[in-house]
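Scrolling down, you'll hit the structures one after another.
One chain, chain A, links the two complexes that follow: it is found with chain B in the first and with chain C in the second.
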Partner chain A sequence: MRPPRAAIVTLAVIVLAALAAPVITPYNPAAQPDIVADKNLSPSRAHPFGTDQYSRDVFSRIVYGGRTSLSIAGLSVLVALLIGTSVGAVAGYAGGRADRWLMRGVDAALSVPRLLLVLVLAAAFGQMSAAGLVIVLGLTGWPGMSRIVRAQVREVAALDYVLAARALGIPPLRVLLRHVLPAVMPQVLVAATLGVATVIPLEAGLSFLGLGVPAPVPSWGGILLDGYEQRLRAWWLLVFPSAAIVVTVIAVNVVGERLRESLDPRLRPPV
Partner chain B sequence: MNAVLDVRNLDVTYAGGHRAVHDVSFAMAPGEMVGLVGESGSGKSTLGLAVMRLLGTRARIAISSRVSLEGRELLDLDEREMCAVRGRLMSMVFQEPAAALNPVMRVGDQIAEVVRLHGERSRGAALERAIAMMERAGVPQPGRRAFAYPHELSGGLRQRVMIAMALVLQPAVIIADEPTSALDVTVQAQILELLLQLQRESGTAVLLITHDLGIVAEACSRALVMRAGALVEAAPVDQLFRAPAHPYTAELLRAVPRIRKSA
Partner chain C sequence: MRGFLLARARQAALVLVAVVSLTFALAHAAPGDPFWAIEDPQLSTAERDRLRSEWGYDLPVWKQYVTWLGNFATGDFGWSHSRGQPVVAVLRDAVPNTLILMVPAVLIGVLFGVALGTWQAARDGRATARAADAATLTFVSIPDFVVALLALSVFALQWQVAPASGMVDPVFHDSMPALGRVLDVASHLWLPAGTLALLIAAAVSRYQRVAVLGVLHELYIQTARAKGASERITILRHAVPNALGPVIAIGGLLFPTMFAGAVFVEKIFAWPGMGLTIVDAVAGRDYALVQAIVVTGTVLVLVANTAADVIASIVNPRTRLEA
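This part shows the complex of A and B:
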């Protein structure tokens, strides 16, 4: 299979840029050097993505914003992954009553649109820290994850080698942890990758609505919010942060899809 | 007879009402090899899984059933106690060695895991015991093969590993569910020979589930014949082949293209 080289490279560049933000950015993302003379400058050699209404360098803000947005997305998916895997694994492996109760809970959680749930939680907590966002996005993300894990666990648990492990006296929890979950992990990682692609726009949306990380910290949605008022005067304030979001989400999706394809048993050589 | 495994009135019903095993009683003496034959769907495998208490939640064992292993009543044990029985006192060999081994674990580690679960503290000692058992099970170069993954081994070797895994703790009883059916004919004979040899060496009683009467004639002292969930005949092998008491047994024997005289 041809690796999605362009997507991997793009993603790597974005992630590395976020990690190396202090090194590669020409300006402090929060600095307002001259709020009168330097405001809303169009892209130039000095400011490749222009400046905003407070004379801040948009390129620096987007790179630093990537730090915020990507780490919130990554960490919240990690939270969702931990909860979702535990719940899904227990439900799928135990079956019976535990499965029925847990999955009805998941059904209930999934019956409320995630955006609505996130908005309600965000509104309830007021201005939130990055950690708060991670928790809110993580707590609303695990039900979907748990369904995927449960389905995979049930499939693997029906395999002969799991029965064989039980026949040799290996206790249930150990069978689950040592023999079932490792076989499920690849699919879970694919789900997590695609989960990141869902969380990035969600986080950007929250920030755009003013419910994201508080003001001086740049995030992609926050930059969009700042630029929105200036949209008729300064196109670069909308185009560049939007592009950052769109390009990242597409790259993550492509990588995730390719991962999924490479794991599809129908495309795998027989064992 | 001082039975090592004594099954009384075993009755298994699947959800939906299908009665897969119907009032089956039999006993096995220590070190005995007993064949359990019958056509597909006759309840042989369900019987084996029921004795191991490995049926899922969709199958129910009747409360009047009794399964005692070395005098201990297995149906009264909870899952934790059952885990201590499985592998150590009674274990199982499956039909498809390719499917019955964890594909992402080295085979030596899989055997060592069983050793460690049942008491061995040291990782190294467990692996040594695993390698020694692989050698007894006829795996050439066991010290090297222990670090192989199942897909790197041939079907016959995988089954030897599976047998090593089942026998490493010297259980009193092994239930071998079609242990040779998925293998080439030549390998079948070797695996059967191995089972017989290990059974003689360690005095393990083997319940050999198969649909192959040739194997029963070669390896077993007694045979149980199952049909539609019920035990229709139980007899020493030579008597069974010479003068089948039940018409179904006679029919089974006639279904074999060539009947060999048993030794």
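This part shows the complex of A and C:
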């Protein structure tokens, strides 16, 4: 199977643009140069993606918005990954009653729409900071991860080399950390990649509903909300942030799916 | 079968209690209480304390929890301060509106998705099937709200073949005859429901394709082919029924996602259902209303989930053993 080059290059460009934002953006993303004369300008050489209702440069806002959206997505998946791997590994390796109770809790969490959980948290705590969003998205993202990790850990734990490790008298926690978890890591990586692909739209969606990072900070969903409010006047405010979100999510999805397919024996033709 | 249903019901009840308790716990973990937020300088501390005890906020937390659980169980969801009416009255309008949107969207979306996925699996590897695969991958990768915004911009704003917002004509609806009102709702319904159906079909078809492909490796498919069954019979009679079980079970897991999709579609098309209501309630810090919608939404998802499990167990009796 050949690697998805186009998707990887696209992702690299987006991440590098976000990292190099101060260098490549022509304007300050929060600056409102002339709110009367430069308001809702259509794309031109001076403003490749146009300007918004406050005369801010949309290109600069989208590049800076990538910083917000990507870092929140990445960090929250990291939080979800840490919790999900711990819970899944313990449940899968311990088995028995601990496994039943943990997985019952995970099933319960998975049957509630994640957006609803996030909305309850938003309602209880009000406007969330970027750190708050990372925590909320991380805390609502781990149950899916834990299920995948548990299934893999159970499979690996039944293999002979794990039995051999246990027979040598290595303590259970050490067997789990040194011998079982490393074998599970490829699947965890796939889960994390696909996790990023679900968190980016979720974070953008929250910002689109006005519940994401607070106003002056640019985020892709926030720019899209500006576009929704200006939908009769400024198409570029809808098109460019949408494109940023869609291109990123598709690229991440392609990489994730390709990784998963290459690991899934069911999709290989029988020998 | 009865044991299976009981296990499912017990799981659903557990989820419900957990969600109800979580919303209660969050209300108490959050800073302040309803009287802390009243910004009235005329309101003295003593008066605030009197209001607190009148509404029971000075009782121990466990007592408040028990009272509150009792109220919830009897359908008393409290007062929505942003709407100025009981939460139950708000729900009575919003829940049917969401069902009018969701039921046709789910039915059409699932049927179309199953058909599309089967067709793709049957034509696996050919250019048309690969194009369809790329198309569905694109649709599941595009966030719900972008698809909905696109549908709104193209059909409602650009071509103007559908109304841009709401569920009924704001001026003439009440003066229409019965049939006219139905048609009025239908003309507002087709675009948001079609958008949702498209999203559901894309997701379902991807599962269906993989499920049918997985089944096609099985020996009984070889047997069917070997005894000379046509490709059509092989797929429709032997592969699809065996692939359907997992797809329905996975379809049940899609309901939470579908609900989220409905939230965005309702917001973008200003459809007055539970999704639009909860978004407005969160913005207005109307916690009682948010709580009630989260619990109602969870109930709806659980019912749909359990129904999917039951159907899956009828289609494929083997899944009953897992319960």
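Following the convention adopted for this analysis, the second predicted complex is superposed on the first by the 264 of 271 C-alpha atoms of A that agree within 3 Å, B and C clash if a C-alpha of one lies under 4 Å from a C-alpha of the other, contacts with A are read in each partner's own complex, and residues count from 1 in each chain.
Assume a contact is a pair of C-beta atoms (placed from the backbone, for glycine too) under 8 Å apart; a residue touches a chain by one contact, two chains touch by 3 or more.
Everything numeric here is computed off the predicted structure, so don't read it as measured data.
Contact with chain B, but none with chain C, is seen for A:His179 once the two complexes are overlaid on the shared chain. When both complexes are overlaid on chain A, the residue A:Asp160 reaches chain B alone and has no touch with chain C. Once the two complexes are laid over each other on the shared chain, residue contacts for A:Val13 go to neither chain B nor chain C. Of the two partner chains, chain C is the only one that A:Glu257 touches; chain B does not reach it. More chain A residues lie in contact with C than with the other chain of the pair chain B and chain C. Applying the stated contact rule after C-alpha superposition, one finds that A:Ile170 touches chain B and leaves chain C untouched.
Using the contact criterion defined above for the overlaid structures, shared-chain residue A:Gly95 touches chain B, although it does not reach chain C. In the superposition on chain A, A:Val246 makes contact with chain C only, while chain B stays out of contact range. On the chain B side of its complex with chain A, the touching residues are 52, 54, 56-57, 79-80, 83-88, 91-92, 94, 96, 98-105, 113-114, 117-118, 151, 162, 165-166.
Against chain C, in their complex, chain A makes its touches with residues 104-105, 107-108, 110-117, 119-126, 197, 201, 204-205, 208-211, 224, 227-228, 231-232, 235, 238, 242, 245-246, 249-250, 253-254, 257, 266-267, 269-270. Against chain A, in their complex, chain C makes its touches with residues 11-12, 14-15, 18-19, 22-23, 26-27, 29-30, 137-138, 140-146, 149-150, 152-153, 157, 210, 213-214, 217, 253, 255-257, 259-260, 263-264, 267-268, 278-279, 281-283, 285-287, 290-291, 293-294, 297-298, 301-302, 305. For chain A in complex with chain B, the touching residues are 95-96, 159-161, 163-172, 174, 178-179, 182-183, 271.
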